[in-house]
Amino acid sequence: MLSVFAQAEIPDIQWLPLIPHLVMAGAAVVLLTIVSLAGSRLPGWFASVFTMAAGLGVLATAIPVWIRVSQWGPHSAVADSIGVDQFSVFIIVVLACTVILTALVADGFLHRESLDGPAFYVLLMLSAAGGITMASANNLIVLFLGLEILSLAVYVLVAMHLRRAESQEAGIKYFVLGAFASAFLLYGIALVYGATGSLNLIEIEGILQNSDLSDNGLLLAGMGMLLVGFGFKVAAVPFHAWTPDVYQGAPSPVVSYMAAGVKAAGFAAMLRVFFGGFGGLADDWQPVVFGLAIASLAVGSMLAIVQTDVKRILAYSSISHAGFILVGVQAATDDGVASVLFYLAAYAAMAIGSFAVITLVSGPGDEGTGLDSLRGLAARHPLLAAAFTVLLLSQAGIPFTVGFWAKFEVITAAVDARSFWLAVIAMLAAVVAAFLYLRIVVAMFLDAPDPDAPRLRIPRGPALAITIVVLFTLAFGIYPEPILDLADHAQLTLQHFSAR
Amino acid sequence: METAVFIVCAAIVLAGALGVVLARNPVHAALSLVGTLFGMAVLFLNLEAHFLAAVQIIVYAGAIVVLFLFVIMLLGVDRLEDLSVEPITGQRVLAGIVGLGTFGLAVAFLVTSDIGLPGQEALTGPITDQYSNLRQIADVLFTDYVYAFEATAALLTISVVGAVVMSRRIARADQAQEAPESQEAARDD
Amino acid sequence: MGTLVDLVWLIPAFPLAGVLMLMALGRRLGEPRAGWLATAMMGGSFVATLLVFIGLVGHEGDERETVLTLFEWVPAGKLAVDIGFLADPLSITMALFVTGVGALIHLYSIGYMHGDADFSRFFIYLNLFAFSMLMLVLGDNLLLTFLGWEGVGACSYLLISFWFTDEANASAGKKAFVTNRVGDWGFLVAMLLAFLTFGSLQYGEIFFEVESHGVAAGTASAIVVLLLVGAAGKSAQFPLHIWLPDAMAGPTPVSALIHAATMVTAGVYLLTRMNPIIAEAHGWVPDLIMWVGLGTALMAATIAVAQNDIKKVLAYSTVSQLGFMFVAVGSGAYVAAIFHMVTHAFFKALLFLGAGSVIHGMDGDQDIRRYGGLARLLPITSMTFVAGWLAIAGVPPFSGFWSKDEILAYAYGENKVLWVLLLATAILTAFYMTRLVLMTFFGPPRWVSGDEHVNAEDSADADEPEAHSETAPPHRHPHESPWTMTIPLVVLAGLAMVAGVFNLPFTSDVHFLGNWLKPSLFGNAGHLPFGGGTQWVLALVAIVGSLGGVSAGAAVYIRRRIDPARIEHPFLARAWRIDEIVTNFMGGPGRRAFERTTQFDEQVVDGAVNATGTMIRRGGTKLRVSQSGLVRSYALGIAIGAVALLAWFISRAGI
Amino acid sequence: MVTASWYLILAAGLFTIGAVGLLVRRNPLIMFMCVELMLNAVNLTFITFGRELGDIGGQVSVFFVLVVAAAEVVVGLAIVVAINRRRPQATADDLSALRG
Amino acid sequence: MGSSLVLPVIIFLPLVGAAAIAMIAPSRSTVLKPIAVATSAATGALTLWLMAAFDKNDGGFQFTQLTEWIESAGISWHVGVDGISLFLVVLTGLLFPIAIVACDPPHDAKAYYIWMLVLETGCLGVFLALDLVLFFLFFEIVLIPMYFLIGSWGHENRKYAATKFFLFTMLGSALMLVGMLVLALLTARETGNAVTFNVLELAQSAGELPTITARWIFLSFVLAFAVKVPLFPVHTWLPDAHTEAPTAGSVILAGVLLKLGTYGLVRFGLYLFPEASRYFAPLLFTLGVIGILYGAVVATMQRDLKRLVAYSSVAHLGFIVLGIFSINTEGIEGGLLQMVNHGLSTGALFLLVGFIYERRHTRQISEMIGLQKAAPALAAVFTVVMLSSVGLPGLNGFVGEFLILAGAFVAHRWWAVVAAAGVILAALYLLWAYQRVFHGTPDDANRSMPDLNWQEKLVMVPLVGLIVFLGVYPKPVIERMEPAVNELISHMEEVEGFESPTVDDRPEGSFEELRTLIDDYGDEGEGH
């Protein structure tokens, strides 16, 4: 046995950049272990607090990584399979925050729905670990594994509300379609492997720089298949159809994680592969992303305005947002990447906040997600309504919210890449989408409240989460510079391990 | 020889696949799947992937298909599916067109393109006769792919946790609403 | 320089002060003090005008223009307009009779408006009107004149609809304003063109530019024609005359002041003022002014013959007389125009005030068919009215004869046909005025008992303000008016008789007004192309004509030689149906066009907006079908998308 | 001689059959099996490419795919079991309460 | 100089007031209005101070404040005031306290006052911003308070109107955002400098962009502003919004919000795109002229008094656009002046209509008759305001209108001739409306209508006073505008190398010189 190891080149594993990954995944396992051993002796809030602590731990460990990268430059770890760059750290931070906020939101929800137990949090953290892997993967197989980790955990999370038939319906739909799309993605990886002989994005990038593969059918077909997989994950039209059903059926806190975290991880992986690996072939894939963006913007906005279920409305709006982010992807520039990162961070906040509000409003059984349940909310819970309004207006891209800057950055990137018409179409779609946010606002503020509507119980966790995201939305809406700066620095550059 | 094995196995694989798609009885479908998997394993051998051929049999035929059959038996979902009707209008026609499209396009891509770059050396690790197939895989698996390998742990944890979560016995909806605070019941995993 | 002339700012300042004081205290002052205050202000204004006049007389003829600039009004870019007053013979002449007649009418109004609930409001309007009129007259630039121009229009509107509870009055006021606005459009565009051409709106600068650099005849013609549009609106010339008869809905002093003596002459004033431009215009332009004047004069005279409302007769008479003045302007007889304007101001104000006195005495009845034999009962009114009648009929030596004769002479010099038609108009004038006087003051009283026949006819007559005639009580006690009303009558009667001396035709020395106005005309006044002999003949013909008209009237309305009904043809009674045509057009195709436009706005413009929303919504609903809830459909969508992507990439691969 | 293309075309065919199968079958279990067919097709592609390239990477990838497939099946079947407890014999088409 | 802080204080003072109101406990609702009034009045006083301290000979920006804000994107906090924006700021400072004093919300007073004050901050920010993005932020944010004001305190159809208003105006500005970015990025690319949204710097390099590109960008700007103005045919949000808005909302909407569009046309249309402005001027002033006539015609046929006033705004704003795109001193100054005038007159009209509505609970013209009998003071004020709106000389409306027409006539005479006809129509619809509402014999429902109370009279005093004052003595306003307008025009001439259409210099002459001239001609001058 020893001889085997002696002959193999053991990669020099740099532990520091991997600590966020390990903390996230490890915390899940530790939580599972603790709960299994300690069982019912633990207080009800334990898992939630543990998860938040793990998220904070990830944040804390991400900081040294960021500093190190900014000093030494981006590099790779574990035999070039994990990219250590500010891009991945940015996404890690977004995912960690998503986990923390989702844990805050979920605590009260799980109590209310009698779904207590560590399983939710374990799966949440494992899923986030998968997301982190996706965002940092420099190897297509690692990326695929990360995606599967992320997805499998979410399949379970979606279906875990066993008393709700919708939850399981959503779960099976998501699962079947997810597996279907994964198969395409995997086929794409195989084709890319066939064309380039490598699964490593850094190598692929190098190969594409050195030799002209722009008319290699395998590579092009592989890109197409990969786009199917990523398009599914980020809910881009025409791979979006699962989104409304799953968002509506899934437990609300899970949706906030999906909208914020899964989307962020999906886009991170997409950028890593297409902007990082296939950056040299941007001419080939840009038009496709262009098409996906327009289709997502149009379909998302148009379908959203005819819905009556708030979760469904927001699901379609998330499709529209995906279209917007694709605009930034389409730019295929560093600015475009920065804009996507900014957008993801902003959207994460808005989405978590919005679904947190829905979590509260939906009431026992997670049933009250219709537009009706929001009628007159302003009269019953003015602060909650105001907070939701801020988040909705932010999603609509109204100034002095972070959502405005997200759109601003994306459009800037598109314009800078001379995609003028895409920018125009995106803004037109934003106007159509604004209507749907207004519909919700109208319901809350301008419709008379139902006199029989029950007084909502607002647990501290979700309230805190909503406060945080609203403050985030407003503060960075007024002064977005810090996050813009971070996003600008979070350049995606694929580098071999070269640091000392 | 290789040709003959290929032709036979290809036939088995395709027949099994068609069996999965066309069998009215889920059990038959599962058995057809075994055929495909078996044919596939032989093809793997043909392609000198000995380790994977073995794993294919063990994991797929031995574990996965058994799991399928187990679930079929457990749930009693072996009811025959009426394949003569298609409730969704146009689904089959479109599926056929899509199938033809996928296949046609894939073939077009596959047969017209070069695999790899001329003169390129193996980037992950060369396939040699020096070591066994198992050894070669292991070398790569525990070095370059060690992160991925560890990641599979998470995958398996998820499937375990997921299976447990999904198979919990949960109080009926009406009861749960009466006693929403009965949280201890769910905390027994 | 004469300090007296610098008092010119006082002229409009008095009425303005009156407005402000009345606005502040009007209700508290109450009746009649508010009226006295307003009258005093007008009196002050008249005195100020007199002082300025004296100051001007003190100057040499060539220096009789003084511009007093108060402050910059609109200094924007190249446009620089001041609030400045031009005191020159022309403006001071106007100002004199505006303030003079105005003061008398103010005085008269104190009696006439006695008992009205809105007594002080009436005097606010009157003073405001006087202020506007004086700004019009005294403004040293077109824009300030326009300020007065529109101001008098607005006051006219306010005063016509003074008794606003009656819809007819309200409509008449609105009609007057809107019709005037049509004319104002011409004035406005003329100003714009003047600004473009001369770079200034100030009279002095414009005229200087005209004289020093000249102006293209086309441009000058355009300016004049546009001004003519404006003048036609204000001075009620065809086809914009339709508002004036309706304007009689206002209180009678208003009719006297605004719609007879002052405001309506503004058009004549404006054209006279702009005489240097007219001089530069094409030859057809003065002819156009002339023929418009003639047409209006003749038409209005024929209409006046058939009117039964005392004020309407006078209104059409005014239109007709204004036509005379336009003829004068067109034939270059600016002096004659101003002369006739002055005399007309006296006798027409007199006639209106007299009519007001009659109406006052008849408790508001205005229908001359129910008058008759009032001479006994209203002695002062009838005496003064007769003086006015003789003046307007052109019977020498009353003032109207002199001014009308001069116009006729110039018309003869210009065009013989014109002269014949104008003479015919003069004869008609004498005829219908005779009819009016005879029916009102002489013959049997027809007001003793309610006349069902008349009432029935009335209600069929749309032009009449029905309210007065239908509420007429069967028995009346006509009475003479109070002294506040009769004194102005007497004064005006005196002026109407003697005002001819202002401008006697015998020698150029007694051509007082002509000499006085000379500096304002810059040598653009026309000259008679014939000698004194012809003038004498023409005057004789005019006298014969006037007397003929009077006797014809007497023959018809006293001797009953001809059935009056044959003369008072319905076509004439309905004012050539012009008003009806306009009303029908506005109420018919005009209104329909407006409605179509509104429909267009609602259905097409707004409809397009809503349709866009609906389309997006409908598109969403259609797309919604694709969201069938069936997982296999979704998978199919993914697969189709995949095939589409592959197809795209295969096109890129160039296979 | 069997060239790589034969294997690749076979894999493409298998992938297509799996994909079409998923589109036309209503039984969730059979749909899962179809996914397995697709994954197998990918595996074959990987190994074929690996052989052509003389690279072991293809085979390593297949190893991971096998793990993923196993985990996926576990989760998928768990969900199916949960659904069947509530709605026995439910087909994919029956689960369409969420729509629009 | 400490005064450079005055603009931020002006902008944010209302916001501070809004925050203070937000802190007030619901039980102490009586202090809400005083706080709102005090803040807005203090802001108004500051704007008046600004006007007094303004150097009227300086055509550039004064009281500027420039701080880096979002450096990475080239966005700065850059505010300043010049003759073009000064009076719009003052107008805003004036109309808000009036609107707040005049109307009490029927419910939710707290939210109402908060929105009003937020709206004021937004409006002031728009007029004072000298950074494109900053401008856009304020330009967009005003939608929110206005949306809620219409939606929460409006009339029956308020939800539709509010949504329409929001989406319609957002549609325009959405494209402007793209245009802004294209402008900044392409300019940076052409000049090689860093990306900046600083208006002054962008204006300096206004000629650098390719002509066609600049025209496209200009169009994107114009669409946004045209919707806001609103220009025919994108005006249809306005009647609905105006009609359904609460009185104060209508006042602000007409008085201030519409000016955001016209102000934008001057500041960001002419200033940044001299060539494109000139190229598209025919299109724009044609639309303006169509608006003048069209708005008037449609206004004539309205049955709803508020709607009628709303359509009159379309006509008035058409005048302003016509003036702006005459691209000469008279026209632009007329346009700017008319913005102020329209704010005063139409603001006052909406207040009056609001007073009537509070008494009669209807806006239908057909249900009102003879109100002058019942409410003479109301009628008197209405008359003055109406005549101002009609453009009666001596009142403010005329001066602006005439300057516009003068400028337009110099530039494109036939359009001015047609536009002048709008003057006729304005008289038609307003007088007709007045007749139907105020004249006639009141029926039972209208006879007992109370006249203006002291509070209402109080708010009308400054408006009527200014209406008269600006009609008689507009010079203080014009002379402060003129240097800035001249600077703008010379900037355009410089960048584009064209000559602004204007007239020859004023003739130097007087009557005396005229006399000597005539004497020189001698007697031959007479007789022709």
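For reference, chains read A, B, C, D and E in written order, and residue numbers begin at 1 within each chain.
Just so it is clear, contacts are C-beta pairs under 8 Å (C-beta built on N, C-alpha and C of every residue); 3 or more make two chains touch, one makes a residue touch a chain.
Given the structure is predicted, the values throughout are model-derived calculations rather than measurements.
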item	value
A-D or C-D - the one linked by more C-beta pairs in contact	A-D
Chain whose Cα centroid lies nearest the overall Cα centroid	E
Far-end chain from chain A, centres as C-alpha averages	C
Whole-Å gap separating chain B and chain E, where each centre is the average of the chain's CA atoms	69
Intercentroid distance (Cα basis), chain B paired with chain A, Å	27
Chain centre separation in whole Å, for chain E relative to chain A (CA means)	45
Distance from the mean Cα position of chain C to that of chain B, given in whole angstrom	99
Contacts with 2+ other chains: residues of chain D	8, 15, 18-19, 22-24, 26, 32, 48-50, 52-53, 55, 57, 60, 64, 68, 71-72, 75, 78-80, 82, 92-93, 95-100
Touching two or more other chains - residue numbers and ranges from chain B	88, 91, 94-95, 98, 102, 105-106, 108-110, 112-113, 115-116, 120, 122-124, 139, 145, 148, 152, 155, 158-159, 162, 165-166
Residues within chain C bordering two or more other chains	624, 627-633, 635-636, 639-640, 642, 646, 650, 653, 655
Each pair of chains that touches, named by its two labels	A-B, A-C, A-D, A-E, B-C, B-D, C-D, C-E
Touching residues on chain A, where the partner in the complex is chain B	4-5, 7-11, 13, 18, 25, 28-29, 32, 36, 39-40, 44, 78-82, 111-117, 119, 122-123, 126-127, 129-130, 133, 139, 141-142, 145-146, 148-149, 152-153, 155-156, 159-160, 162-164, 191, 194-200, 203, 207, 211, 216-221, 364-365
Residues of chain D that touch chain B when the two form their complex	1-2, 4-10, 12-21, 23-27, 29-30, 32-34, 36-37, 40, 43-44, 47-57, 59-60, 62-64, 66-75, 77-82, 84, 88-89, 91, 93
Chain B residues touching chain A - in the complex, by the definition given at the top	105-106, 108-110, 112-117, 120, 122-124, 135, 138-139, 142-148, 151-152, 154-155, 157-159, 161-162, 164-166, 168, 170-173, 176-177, 180-189
Partner chain E, residues of chain A touching it in the complex	393, 398-400, 404, 407-409, 411-412, 415-416, 420, 423-424, 427-428, 430-431, 434-435, 438, 442, 445-446, 479-481, 484-485, 488
Touch list for chain B against partner chain C, complex	88, 91, 94-95, 98, 101-102, 105-106, 108-109, 112-113
